[in-house]
Amino acid sequence: MQINRPAAFLVVLLFLAVVVLGTFGTSWNTVSELPENPADPSNVEGLGMLIFTQYVIPFEIMSIVLLASLIGAIYMAKGEGSK
Amino acid sequence: MIPLNFYLGLAALLFSIGLYGVMTHKSGIRLIMCIELMLNSANLNLVAFSSYTDTLNGQVFALFSIALAAAEAAIGFAIFMAIYRMHDRINLDELNLLRW
Amino acid sequence: MVDLMLLAPEIAIAVTGLFVLVTGIFMSPQAKNMLGYLATFGVLAALGLTVASFGTEAVMFSGTVSIDALSQFFKLVFLVVALLVSVAAIKYNEDSEHIEEFYALVLFATFGMMFVASANDLIVLFCAFELASLATYALAGYEKQNPRSLEAAMKYFVIGSVSAALMLFGLSFVYGATGTTSIPLIAANSGLLVDNPIGLVAVVLLIAGFGFKMALVPFHMWAPDTYQGSPSVVSALLAAGSKKMGFVAAFRVFIVALAALQPDWQLAFTILAVVTMTFGNVVAVSQTSVKRMLAYSSLAQAGYIAMAFVVMTPMALAGGILYALAHAFMKAGAFIAAGAVVWMVTSEKRGNLEVPDHLDNFKGLGTRMPIAAFAMMVFVFALAGIPPTAGFMAKFVLFSSTIQAGMIWLAVIAILNSALSLFYYARLVKYMYFLPPEGEKVGTPFPYALALLLAVAGVLVIGIWPEPFVQWAMEAASVLV
Amino acid sequence: MALEELAFLIPVLPALAFVITFFFGKKLPSGGAIIPIAAIAASFVISLMITLGLLANPEEVVSQSVSWFAVLNLGVLIDPLAAVMLCMVSFVSLLIHIYAVGYMSHDPAKPRYFAETALFTAAMLSLVLSDNILQLFVSWELVGLCSYLLIGFWFAKPSAASAAKKAFLTTRIGDVMFLTGIIVLTADLMKLAGGFTDGVYLLRFDEIFSYIPELSAMQANFLGFEVSHLTIITLLFFGGAVGKSGQFPLHVWLPDAMEGPTTVSALIHAATMVTAGVYLVARTFPMFIAAPDSLMVVAYFGGFTALFAATMGIVMNDLKRVLAFSTISQLGYMMLGLGLGATIGLEAVGVSLFHLINHAFFKALLFLCAGSVIHAVGTHDMRELGGVAKVMPITAATMTAAALSLAGFGIPGTSIGTSGFFSKDPIIEAAYLLGEHNGNWIPYIFSILAALLTAVYIFRLIFMTFAGKPRSNYGGHESPSSMTIPLSILAVFALVFGGLTRTGFMEFLEETFTNSFVNVDIGSLAGLGEYEIVHAAGHEPLLILWLPVIIALAGLGISFVLYYLKAVDLGAVASMKNPVYKLLYKRYYQHEIFTEFFSIGVVYGVVAFLTQVVDVIIDSIVEAIGIVTVAAADALRRVQTGVVQTYASVVIAGVGLLIILVKLIMEVL
Amino acid sequence: MLPVASLLILVPLIFAAVTFFTKTKEQAAGMGLLGSLVTLGITLYAYMNFDSSTAAMQFFESMEWIPSLGISYTVGIDGISMPLILLNAIVIPLLVVYSWSEDREAPNRFYGLILAMQAAVIGVFVSLDFFMFYIFWELTLIPLFFMVNIWGGEKRAHASYKFFIYTHVASLVMLLGIFGIFYASWQQTGVPTFDIRELISQYQFFESGMLKDAIFLALLFGFLAKIPSFPFHSWLPEAYSEAPTAGSVLFVLLKIGGYGLFRIILPMLPNAGSPDLFIVLMGLLGSVSILYGALLALRQKDLKRMIAYSSVSHMGYVTLGAAGLVALSVSGAMFQQFSHGLIMAILFMSAGAIHSSAGTRIINDLGGLAQKMPKLTVIMMLAFMASLGLPGLTGFIAEFLVLTFTFANLPGFVVIALLAIVITAGYHLWAMQRAMFGVYNEKLGDVKDINSLQVFSMAVIALLVLYFGLNPSPVLDMMITNSEAIVSLAAGAGV
């Protein structure tokens, strides 16, 4: 089956419409002001703290993820099995 | 202050572009790029929310997802390489041995 | 301080994975066959540790991980699948040079699934989910020389990535609306989601993300191709294991975190469940590739399990959870049996080599591979819900709870579907037992036979003595409501 | 041991004989005929002894009952009615068995023949002895089975197999009516008795008769008529009798039944089984007389059948078929006699049964003579015979005796006359009484016309067969003595039995319903049935008394002129161009109406509709589900194109559509 | 006292398993015979020790199985099940003997399936727990499916799938009914139980409404489709006629549909929403089945198909008698099940013998077989006569009881059934005349009569048909005892 661009476009339009209607129709609960100084170092520090305390488990999982993708990628990319 | 919806709208648009690419491109490389685009648009969402709700979880999430996107791209490229070795090209719409 | 003993099964799996990987590098090709036993041993240890820790409950790591009856139960499911796959793969990987990679990926995928089961935070959930996906992408393409395997991996990867993106997109909205990623806190802050259209968008995006794993129509498109093209043991892992990961994630996210949005997702699941089971069963009727047929049947089974979200009584959830366990045995077993046939066909170089799992290759299997054929018969009858098998017990609990909740129409649809499924299951049994064999008796190789008999034992034990399993499933369900 | 206690042996002995002959007949001499002959002889002796005892004391009937199943029983009842039937059946059966030793001597399947006739005798005796309606029905069906088996005795002959089937099916129609009657009766009895009592046998005649007043009081609306339940039940019983006794319109099987061996025709289709219907009506006579209109229906059907069958009898060319129509006609007389109970009350039973017994003698004799002829000359087409008397004098003589008896020659007011005369005359006279009292002359006209035709056809048979010169080249010789002795015995009975027993017989039978077993007051029952009973036999005008004899003489004369002297050329009359002759010869087109139109046209039409339309529709619904499923499977699998971009599109479209769908449904709900 | 009920399931099951592993035909048939004889022995032991004067459960065993769902292993035998067990136990060994001399592929599976079928059918009869009942109910499908699918006639694939899926759908609908009654009672009492008798007695306390009727109708449908009753019969002609002889006989021994009526439907009936309507429904379906089956049998060209339709007709008496709801009509219906099993067994054996020796079952292609097959003809004639309801044979007892005692309550339907009697006689005699009588059809070649083993097995059943026709009390009495208990329930509820 060939790729049907107009149809794909319509599908995407549908998706976009739905998502945009969803987001714009929502009254988000936002803070009144954004942090003024983008260079505020507390952010990075906070991230670090979070990653190594609360999110240590995902961090550990990420280590396995990287290892797994490493193995997988190397295995798949190795050339011995070609043709 | 830029309204939150501007970010969200942008993210949605980027995401949709990514989707359109996935649906229409034959090339595996472009496909992975589109997927990256989608993941990143989601990251954009996360970061925007993180700022607008003044919580850091979103940014942590985004960090992890960037790493995941990288891993995913690695695997993806590896698979396409294997396909390329076999077929000498990566035209995804020609891979339809498995169907029906 | 956290009690790491509670994570002992996960640690055991991860350590085994690493150990297999590292030792594999230093081993001679002949000695590598040992690794399968090693991995099996590790899985068994993890299984033992999981069963030993049944009944304990804890929330750890600042509330990101929750050990409870639900997670324990699903860990059991994943470990059972991992065990069956590990055992069967001993034969599948015989004399391969990449045994350590295979087992490492299987174990890492299992590791990811186990964390999904106990995730109490969206970040943990997403990372673990992706781990399980990434590891299996490569596994699906494990037969690099086989264009079908590669194609399976490619399709799996593309749809998986799109789904991951959709899921992440959805998760971002959930996070944005509630300002947190912790599942219990989301439940507490879900007011905004309920009042705004974004709630529904997020729910459907998440359903798409999880539905990809669960293989719910229309997010199933990859599943038949991938299950067919992948090595059978990997199909077993995908269909029996990672499919359940989708369910446990959905249990956690929808029933616990997004409980307030129940009307939305209940309706969505109603549509999906009905469409999925009908589509799966109907299309399975016309399949000639056994693995593809099993894939469609797997869709149908997902549809049944999804009924738990529709009915939403403790009984129904228990039924769905029990079904997950039963399905792990049945479907893993069925794919492994198909794998044994593929092995036979490819090693003999006889029969339909293009599609080694073609129905024609199953002719007279009862005489050619008695154990595999018998096991396959048990599995397909279990899948069809014929007593006294696990499939029947699970359907019994699940369908009966549907009646209990007064959703007679849904029960009728499910039951008619179940009847329809008999058609193609019985056909397979007919091919195996009642058509003349085309070839000599081969016998089932030991690892396959062991894995199959383990699965048969599981199917029959749950079918004949379901009491403890029903109890566990009920405890697991009690976490959700 | 008292003889009465052996009563149960009467049917049991022939039944045992059946078993022995069936399984061991081949190893016994003469096909095992000796076994049934001995058994039936024993039964005859027991019957005769009991009957003699009963003659002395008609009040003390023999009655034995054992529980069968549920609330039903098996039992033996020998009252005067049963006694005379018993003696007749066992006696005729005995003679015919003896005769058959000679007649069947060349048939290889003798053991089967004798086994089946033994079984028939057992069933027939059991029918007669039965003390309850269910056992009677059971035996009734068994004699039907034996009739079926024996008509189809030469089953390799397609016409025999077909005739057997026809006989069974036609009588089955009557049987179903009979069964329906039993069912209605049982339902009513249960209602009246208010359930079951231990030790009370629901369907025993004493039990049934005791509820007659209540039954007659029960009214039902049937097609707009208010009729009593008793009328419905009795008419249904009569329906059974119509089938079994070959009454119009269920007589069609009887002529065809002649496909069986002649001995079978004599035994079953002349003397015994076909009279079971008459016996049934006689047995349940208290019910009939208490049921308004039932007896009149019986009388009309009987009278009409008597005439109707006789008309066909005069054109038949087949020896046995003439006799078959004659049997039907005579059975009509018997039914008519019973129906005349509407006027003469209980006497009707005596009159009718007397004719039944006499008929058994002379008709069995006629058949056996015919059999003797057929056995000797090898054909039964009368057109090919002629002058047989010269070859077979004994047969000719005995058959003439039987013909005289059938035609009914005698001198009224004296004891001089043939048996047939003494039994047929009272029926005709009673029919006259009916006309006199009710102004309803039709039965009388039927009966008198039938008497004329009877004489015509039977002497036509005699003249065509025995007189004149042979019309074809047949061999022939007189039959062996095992055949001629029974003929002679029967001839004696056909000539003198009636004259000897006529008064005693009637009186004996009038005791039937007043004895130690049942005691019903027929007079008051007749009141329930709204019948007016008169006892006037004997003082009719002289012309009426003589008329039957004159008519019979006239018939003899006509036959003599037409068939002996051949004074008139019958070629023009007896041709297919003559519509009347054709109608008669074609037997009123019964075959066309019943078989071709009704069973093939209507029944098969309905069946064809059911098989080809209804069942196909029902089945298609099932099949369609399967076909649709497979078609759907083939269509839906095409969704899986194999191109990954399509898959992605479906996923994304799914997301969009699902959101919209859920939203819409939520809005609607 | 032996645990008879359990043994009756276990013994054939174990022998079935052993039989599957036999190598030669002799071993397989021998093991089949041995297993069925042992079962027969146990059954006779049970029958000897059976007290037919009580309607209570005998040989009762019960133990917990899945307590969290209230499922228990409960078995017992009473007057409803005893005759049917007896029927199975008697016919199966004879069936093995009958098919002893036949050559076929995979005899070990063949005889194994026969024994497995016996275990499953007896399992249905002795189960007193709905869960077990359903399990055995479903298990009966599998042996039959394979019986037809492997050893069946030309259209066996279609027939077997149709039968399998059709009746499976019906049993699943029945399962829905079981769920319904289970949960409604759970709600009522707070205690889950699958005990059949407990659930039935709880049924009367259910809130009347849609659910209550739906439960009843779902169960009723499940049973009627199995009986099968018009208009759910369309699986039957093909399955019966395509099955091998042994399969057809196993089909006729499958009396679980009618059993369900007596065990479950009738005790529930008085408490169902509108009992009168349901009685009329059952009566209508029963009587229409009788007439319809008979009419369709009249037109069949294939002997086996004709017998199959006659089965629809005869099983109509079961439904009709059950609807009669009088002790004797219900007993008659039960007796019809027993009688029909015996008679049809002979008929299918006869048809099988004709098919295997003459090479065809098309009635018009036969003819004059009586000359070549006298032994078969005699036995077949007896069976035909029994089948058309000739007195002195079992068929009459059953039909008489049903018709007579149903008449008081449902006169109209009895009249419909009575119409069928002549037609029933018609197609039997027609077939007899065309196939067995008349001139021998020389095209059939040299046809051999049945061998002595076949004569033996058919004659034994024929003698039983005769014996129970003359003396039905040994089985009828226990039926009456239990029918009275059932009917008194109905009377108590004022129906």
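Letters A, B, C, D and E mark the chains as written, and numbering starts fresh at 1 in each.
To be clear about the criterion, contacts are C-beta pairs under 8 Å (C-beta built on N, C-alpha and C of every residue); 3 or more make two chains touch, one makes a residue touch a chain.
Remember, it's a predicted structure, so these values are computed and weren't measured experimentally.
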| item | value |
| --- | --- |
| Partner chains shared by subunit A and subunit E (touch criterion as defined above) | C, D |
| Subunit C reached from subunit A - shortest hop count over touching chains | 1 |
| Geometric centre: closest chain by C-alpha means | E |
| Approximate Å spacing (C-alpha centroids) for the pair subunit B, subunit D | 96 |
| Computed distance of Cα centres, subunit D from subunit C, in Å | 77 |
| Computed distance of Cα centres, subunit E from subunit B, in Å | 64 |
| Residues of subunit B whose C-beta touches two or more other chains | 15, 19, 22-24, 26, 52-53, 57, 60, 64, 68, 71-72, 75, 78-79, 82, 86, 92-93, 95-99 |
| Two or more partner chains touched - positions in subunit C | 123, 127, 130, 134, 137-138, 141, 144-145, 153-155, 158, 162, 166, 173, 176, 179, 197, 200-201, 224-225, 420, 423 |
| Subunit D residues counted as touching two or more neighbouring chains | 637, 640-646, 648-649, 652-653, 655, 659 |
| Which chain pairs touch, all of them | A-B, A-C, A-D, B-C, B-D, C-D, C-E, D-E |
| Residues of subunit D that touch subunit C when the two form their complex | 629-630, 632-634, 636-637, 640, 642, 644, 646-648, 650-655, 658-659, 661-663, 665-666 |
| Subunit B - residues contacting subunit D, complex | 19, 22-26, 92-93, 95-100 |
| Subunit B to subunit A touching residues, read off their complex | 1, 4-5, 8-9, 12-13, 15-16, 19-20, 23-24, 26, 51-54, 56-57, 59-60, 63-64, 67-68, 71-72, 74-75, 77-79, 81-82, 85-86, 93, 96 |
| Footprint of subunit A on subunit D - complex, ascending | 641-643, 645-646, 649, 652-653, 655-657, 659-660 |
| Subunit C - residues contacting subunit E, complex | 381, 386-388, 392, 396-397, 399-400, 402-404, 406, 408, 411-412, 415-416, 418-420, 422-423, 426, 430, 433-434, 466-467, 470-471, 474 |
